[in-house]
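Read the structure below first, then the notes.
Chains here go by letter, A, B, C, D and E, matching the order in which they are written, and residues are numbered from 1 within each.
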Amino acid sequence: MINHLPVLIIIVPLMGAILCPLISYYSPEWGKKTVIGALFASFVMSVMQLVNVAERGEPVHYWMGGWNPPYGIEFVIDGVNAVMIAMVAAIGAMTALFSSPFEEANPKHRFRSAGYYSILCFLAIGLLGMSSTGDAFNLYVFMEIVSLAGYGLIAIGEEKAPVAAFRYLLTGTIGACMYLMGVGFLYSATGTLNMADMAVRLQDVENMTVIIIAMACLVVGLGVKMALFPLHGWQPAAHSYAHHAADPMIAGIMIKIPAYAMFRFFFCIFDESLPMMGAVHKIVGVMAVCGILFGSLKALRYHKYNKILAYSSIGQVGYIALGFAIGNFYGIAGAVLHIVSHAFMKTGLFYTSAALKYKYHIEYTDDLGQVYRKMPVTSLTLVTLALSMVGLPPFAGFFSKWYLALGAIQNGQYFYVAVLVASSLLGAIYFFRIFEKLFMGEETEMEDRYPAAEHGGKELPLRIMIPLLMAAAMIIALGLGNSLVVDFIEKTVLEVFLA
Amino acid sequence: MIDVLEIFLAEKGIYMLTFILMGLGIFGMIVCGNYMKKIICMNIMQVAIIFFFLTLGQKDGGTLPVLVHNLTSAEEYINPLPHALMLTAIVVSLGTTGVALALLMKIKEIYGTIEEEEITGKRWKK
Amino acid sequence: MPVILLEAYFLLILIAIAIVVIFHKDLLAVTVIYCAFSFVAMVLYILVGAADVAFTEAVIGVISTVYFIIAIKSISRRCK
Amino acid sequence: MIIESLRPLAAVAVSLLAAVLIMICGNRVKPDVREGITLGAAVIKALLVFSMVPAVLAGNEYYCSPWEIVDGISLAFRTDAAGMVFACVASGLWIVTSIYSIGYMRGHHEKNQTGYFAAFAVCLSSAIGIAFAANLITFFIFYEMLTIATYPLVSHYRNDSAKASGRKYLAYTLISGQLFFAAIVTVYVKYGTLDFRAGGFIEAGSMGQTAMLLLFILMLGGGAVKSGLMPLHGWLPSAMVAPTPVSALLHAVAVVKAGAFCVLRIVWFVFGAESAAWCGGGRLLTWLAAATIILSSLIAMRKDNLKARLAYSTIGQLSYIILGIGILAPYSVTGAAFHIVAHAFLKITLFMCAGAIYVTTGLSEISTMGGLFKRMPVTCVCFTAASLGIAGLPLLAGFVSKMNIIRGAFMENKLFFVAVLVAAALFALSYLIPVVRIFFGKEISSPVINEGGEASPAMLVPIVITAVVSFILGVMPNAGPQLYNLAVMAAQGGGPIG
Amino acid sequence: MDKVKVIGVIVIIAGVITAGFVMGDFLPAIGDINSAPNGYLSVYYITNALHDTEAPNMVTAVLADYRGFDTLFETCVMFLAGVTTLMVLSSKRKVVKGKRNEHDLNGVSFGGTVLDTGFRIIIPVIVIYAFYVLSHGEISLGGGFQAGALLAIAYMIDRLIPSFQNSLGNFTEEAAAIIAGLGVFIYAFTGVLPMFNGGYFLEYDHLPFAFMTEEIVMLHSVGIFMIEAGVTVCVMGTIINILEVVLERTEFDD
C-alpha cells in the first residue's frame, strides 16, 4: 500500500470522477458523496505520503507499468512536490465539500451536480498529476486535463462566464502548445522526455540556441498558465466569473501548479551553470516585478470583490516568479512557501467571496456594509486571510515574503525588496478598504438567503464553514510552522536543484 | 539542384514551413474577430505542432514502425515515440475543439453573436 | 521524387489553406476548406511515416468537420 | 544566568487567549462576563510579569524559545531589564485601564464593545511580546500585531473622521513597518544574527557610514512613527477621535511606549552606542527629538480640546525618551527607560481625567471647563498632580527621569540639550498650568458644572491609583518592583546593580 | 482589418524565414538517423517492443504499454471534454427532443434513395471495421481511439441522415457520458488490477490472468486489448455525447 501511494493519490479520485455520472444516474446525492469521499481519501493518502517522504529522506519513485525510466513514465515525489500534492489534495477535498451547498441549488437537472463534481475532481486530479509526474510530456497531458476542467468550471459560472472561458481556452491552448513546443525542442536535443534524464543529457548538448528557444517557449507556455504578467490577459475575467464554488480552487491552485512546473524546469532540468541562466532570471525578474506592481495597482481600481482578488493574484504570482528570479535557496524556499501559502490564502478568500454570494448575493465591496454582524466567522476569516495577503505577521504571507526578501538581499538585489515592500503597501490599501467597508460601511438591506434564525442560529451551512475555517487555520499554522516546511524542502532543494 | 533543395529543406526548410504554419495559426487566433475562425486557427496551430513532432522522428529509409519479420535493425524503423505522443496530443485537440464549440454555441445564445467586436463592444442585454 | 519535396509541397498547401481561412468571410466555406486541410495534413502524416497518426487525423477530420457544420447551423454563416 | 521557563510566553499568551475567549463569547454573554475575562486576564498577566522581577533584578533572565519561527531563527522571549521595565508598566496599567474602561464604556453606552475588549487584549499581548522579544523577528511580529490590533481601536466610532484617522494611522505605521522589515532582513543577511545584545551587535565600520545611517533610519522609522517623533507624528493627534481609554492606551501604555521602547531596543541593543554615534544616527535622533519637544509644546499651547492638548504633550514627552536614548550616555538612557514608566503613569492619569470629565459632564474643550473643581474635586486634584509631574517637578515621577537625562547630557557635554530639557519643562508648565487654573478658577463657564457629582467609582479609582503611584515613584523610584533599578540595569546592559 | 491581416501574414512568413536563416541549425536535420531523438529511447523501443510487449506495432506498444499512463489521461481528457460540453450547454434547451423526427422530416430522404441505401450499407461495414481496428490495433495500424471514433461515425451517420429514424437507437447525452465514464473505468481498472497482484500500476505482467496464457509476456496482449477496449468505449461515448449535445441546440429548419 505505502509504495503505491503516489499513484493511488491520483487513481482514487479518478475512480470517483468517472463513476460519479453513473452513480448520480441513480442517486445524485451518492454521486456527490463518492467524489467528496474520494478526494478526502486522496488527501489522507497525500499526508501519509508526506510523512513517508519525510521519513525516507530521499525521493520516492514510482514507475508506471513497471517500466524503468526513461522508457516508461515515472512519478518522483521529493520534498517539494510532496508538499504540493498535500496542498492540492487538501484544497481539492475542502472545495468539494464546500461546493455541496451550491450544487444543491439546482435540483432540477440530475446530471448537473454529477458533471460538476466530475469536472471538479478532474481539476484536482490534473493538478495532482502535474505535481507528481517526472515526465515532461505527461505533464502536458495533465496540464490539458487541468485546462479543460478549468474551462468547464469557468464556463458554468455567471452570465459572462462563457466568453471568459472561451478566451481562456484560446490563450490556454496557445500556452499549452508553447509548452509542447518547448518540450519538443528539448526532446530534439536530448531524445528523452524524462525530466531527470533530460537534465543529465542536457549537459552534453553543445548547441545553446535550442536550449534558449526551449526555455523561451517554456516560459511563455507556463507563464500563460500561471498568469505571469504580460500573459495574464485571460485571468481576471476567468477568476471573477467562474462557478462560485469552484472559483476557490481555480483561483487558488490552478495558477500555482504551473508555477511549480516552471520551478522544476528552471532548477531541476536546466543547469544553473548554463551561460544564459542569468539573463533568463533577469527576464523572469522583470516580468515578476511588472506583474507585482501591475496586479496591485490594477486591483485598486475595482470594486468588485472577485476582480480585486483576481488582480491581486497576478501580483502574487509575481512573488513566486520573483523567487525563481532570485534563484538562491531562500528565494526558492520563499517561492515554494508562497505557492503553498498563497494557495490557501486565495482559496480562503474566494471561499469568503462565495459565502457572501451564497448568503446575500454580494458581489461588490460597496454592499459589504456591516455584514460582519451577520457573518462574523466569514468576516474574521476574511480579515485573517487578507492580513496574510498583505504580508503581516504572524500569518503565512509574511514569512514567504521574509524568505524572498532574504534571498534578494543575499544576492544584493535591493530593488526586489523595494518592490516587495511597495506591493505589500498597495495590498494593504485595497484590503483595508474592504475592511473599512465591511466593518464601518453603511448597512444595506439585503435578502438573507440562508437566514440564521431558521437554521439553528448558524451563519452558513457547516459544509461552507469548515473549509472557511480550515483555510484560516492553515494560514496561521503555515505561518507559525513555516520553518518546518522550509526544513522539509531544504534537503531536496539543496541536493537536487542547486547541486 | 534538387539535391541542394533537399538538403536545405531537410535542414531548415521544412521546419520553417512548419513554423510559418504555426505562426499563421496563432496570428489567426489573435487577429480573426470571429470565434469560429479562432477555433479553426487553433486547430491549424495544433496540426503544425503535431507535424513538428513527427518530423523529429523521421528517418531516411525508415519504414512504418510496425514490426516486419525480416527487418530487425533500429535504423530501419521510424521512431515510434513521437507518433505515440502525437496520438495523445491529437486527441487532446479534439477534446479542446469540442469544448470550444460548446462554448461558442453558448456565447451565441447569450450574446446573439460570435464576433469579438460586438461582444466586447456591447454589454450583455437582458 | 524524394519524400521531403512532397512534404514541402503539402506544407505549402497547408499554409495556403491557413491563409484562406484567415481571410475568407464565409464560415461554411472555411469549414469545408478546413476539411481539406485535415485531409492534406493526413497525407502529410503518412509521408512522414506516422500512419497511426494519419488514421486518427482522418477520423478526427470527419468528426470535427461534422461538429463544425452542425455548429454553423446554429450560428450565423457570415463573418466580419 | 538564564532560566529556561515558559513564563514569558505565558505572559504573552494569556491576553491572546482572553481575546479569543471574548471573541467567541461575543454578544452572547452578559457584558459582566466579558469584562470579567478581561480583568482576570489582566490580573494573571500582571502577576506573571511581576513574579519575574526578583530574578531579573538578581541578574538572571528568563528565556523561552518555543520553536523556530523562520529558518535559523527562533521565536524567542527573554526577560532582560529593559523589557521588564516596559512589561511591568504595560501589564500593571492594563488592570487600571480595564477597570477604567468598564466604567467609561458603560457610562458612555458604547457600541461594539466585544471588538473593543478583544482588540485591547491583543494590544496588550503585543506590548508584552515586544517587551520580552529576544530577537528582531519576534519583536517585529509583535510590533505588527500591535499595529493591526490598534487599528480597530483608533477607528472605533466608525464614522468618517474615525475612518480618516484610521487610514492615517495605517499609512504611517504600515509604511514604516514595511521599511523596518526590509531593514531587519538586511541586518540578518549582513550580520547573521538578530538577537538583541546589550551594547549592540552591529559594529561601527562594518559597512559604509551612509549605508549604516540609512539602515539606522529605516530601522528607527518604525519606532519613530509609533512614538510620534516629528515629522512622523501626524497620526497621533488625529487618533484622538478614539474613545478615551483607547487614547489612554495609545498614549500611555502600549503603542507610543512600544515605539519608544523600539527606539531603545534598536539603538541600545542592536546598534550599540558606538555604532549609533559613528553613523551619526544618535545625533540625528537628538536633534529631531529636541525639535519635536519644542514644536509640540508650542502646538499644545494653542489647542483648546483637552485631549488634543494632551496628545501634543505626549508627542513632546515621548521625545524626551528618544532624546535620552539619542544622547547615548548610560545615565540618559536610564532616564529614558524610567521615563517610559513615569510618563506612562502621569499621562494615563491625565487622559483618564479627561475621559472622566467627558463622560461625566460631556465637556471636551478646555475653555468650557471653568470651575470644574467644584463638581469633580478628586479628578481635578489628580489632574493637577499629574500635570506637575509631566512638567518635571520634584517629588513626582517625571523628575527622576528628567534629572537622569539631564545628567547624561551634562556628562556628554551636550549643554544645548540641557537647555532644551529645561525649557521644555517650562513649556510643559505653560500648557498644563492654564488648564489647572481654569479648573480651579471662580468663573463657571458651563451650566453642567453646577449639576451632579464626581465621576463614577469605576473611573475614579483608577485615576486615584495612578496619581498615587506616580507620586510614590517620584519619592521612592525603587518602590514596588524596583523599576528604577531595572532601568539602570537596562542602561548598563544587564547584570545586577552594585 | 484586412490590411492588418495581409501585413501580419507577410510579416510572419518573412520573419520566420529570416529567423531561420539567421539562427543557424539548432534542430536535427530531418531524416538524420543519428539525431538525438532517433537514437537513445527510440532504439530501445524499436528493438525491445516485441520482446517486452508482444505488440508488433511499436506505436501501440509505446502508446498502450510504455506510456500507457499518458493514454489513460488522454482518455480522461476525452471524457472530460464530453462532460464539460454537456455542462456548458445543459441549461435551457432550445429544441424539444424528438421534435425533429415527428413533423418535418418523416420520410424525407437525404440524398435520394441510392445514397440512403449506400449509407445504410456502409454503417455495418464501418462497425465491423471498427471492431477489426480495435482488435488488430496491436498488430497493425489503429487502436482504441480510431475504433471508438469509427463507431461514433457510424452512429453519426445514422443520427444525421433524417430518413434513417435512428435505427441504431438514440442515446441521450447523459447516457453517452456515463458510457464514456465506464470506458475510462475499464482502462483504470485494468491499471489497478496488477496492483492487487503485487505489480505496479498498469504493469500487465502482473495481471491476474496468468492462467490463461503460457507466457507472461502474453499478458501484455491481454492488457493492451483491455485498455484499448476501454479507450474505444470512452471515445465513442464522448463523441456521441458531444454530438448529441450540439444537436440539441441546432434547429434543422431546412
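What we mean here is this: a contact is a pair of C-beta atoms (placed from the backbone, for glycine too) under 8 Å apart; a residue touches a chain by one contact, two chains touch by 3 or more.
Everything numeric in this text was worked out from a predicted model, so none of it was measured.
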Which sets of chains still touch one another once subunit A is disregarded?
B, C, E | D
Please identify each chain that touches subunit A as well as subunit E.
B
Comparing A-D against B-E, which pair counts more contacting C-beta pairs?
B-E
Report the chain ID whose CA centroid sits closest to the centroid of the full protein CA set.
A
Greatest Cα-centroid separation from subunit A: which chain?
D
What chain lies farthest away from subunit E once each centre is taken as the mean of the Cα atoms?
D
Where the CA atoms of subunit A average out and where those of subunit B average out, how many Å apart are those spots?
29
Using CA atom averages as chain centres, what separation in Å is found between subunit C and subunit E?
18
At what distance in angstrom does the C-alpha mean of subunit C lie from that of subunit A?
37
Round to the nearest whole Å and give the separation of the Cα centres of subunit B and subunit C.
10
Taking each residue of subunit E in turn, which ones touch at least two of the other chains?
1, 5, 9, 25, 27-28, 30-31, 35, 37-38, 41-42, 45, 57, 59, 66-67, 70, 74, 77, 80-81, 84, 88, 141, 143, 145, 242, 246, 249
Junction residues of subunit B - those touching two or more other chains
9-10, 14, 20, 24, 27, 31, 33, 55-59, 62, 65-66, 81-83, 85, 87-88, 91-92, 94-96, 98-99, 101-106
Determine which chains touch and list them pairwise.
A-B, A-D, A-E, B-C, B-E, C-E
Show me the residue ranges of subunit A that touch subunit E in the complex, using the header's touch definition.
4, 7, 11, 14-15, 18-22, 25, 62-67, 70-73, 109-112, 115-116, 118-119, 122, 125, 129, 137-138, 141-142, 144-145, 148-149, 151-152, 155-156, 162, 165, 185, 187-193, 201, 207, 209-210, 213
Contact residues on subunit B for subunit E in the complex?
7, 9-12, 14-16, 19-20, 23-24, 27, 31, 33, 55-60, 62, 65-67, 72, 74-75, 77, 79-85, 87-88, 91-92, 94-96, 98-99, 101-103, 105-106, 109
Quick check: in the complex, which residue numbers of subunit B touch subunit C?
2, 5-6, 9-10, 13-14, 17-18, 20-21, 24-25, 27-28, 31-34, 36-37, 39-41, 43-44, 47-48, 50-51, 54-55, 57-59, 62-66, 78, 82-83, 86-87, 90-91, 93-94, 97-98, 101, 104-105, 108, 113-115, 117
Please give the residue numbers of subunit E that touch subunit A in the complex, ascending.
23-28, 35-42, 44-45, 65-70, 73-74, 76-77, 79-81, 83-84, 86-88, 90-91, 174, 177-178, 181-182, 184-185, 188, 191-192, 195, 199-206
Could you pull out which subunit C residues touch subunit B in their complex?
2, 4-5, 7-8, 11-12, 14-15, 17-19, 21-22, 27, 30-31, 34, 37, 41, 44-45, 48-53, 56-57, 60, 63-64, 67-68, 71-72, 74-76, 79-80
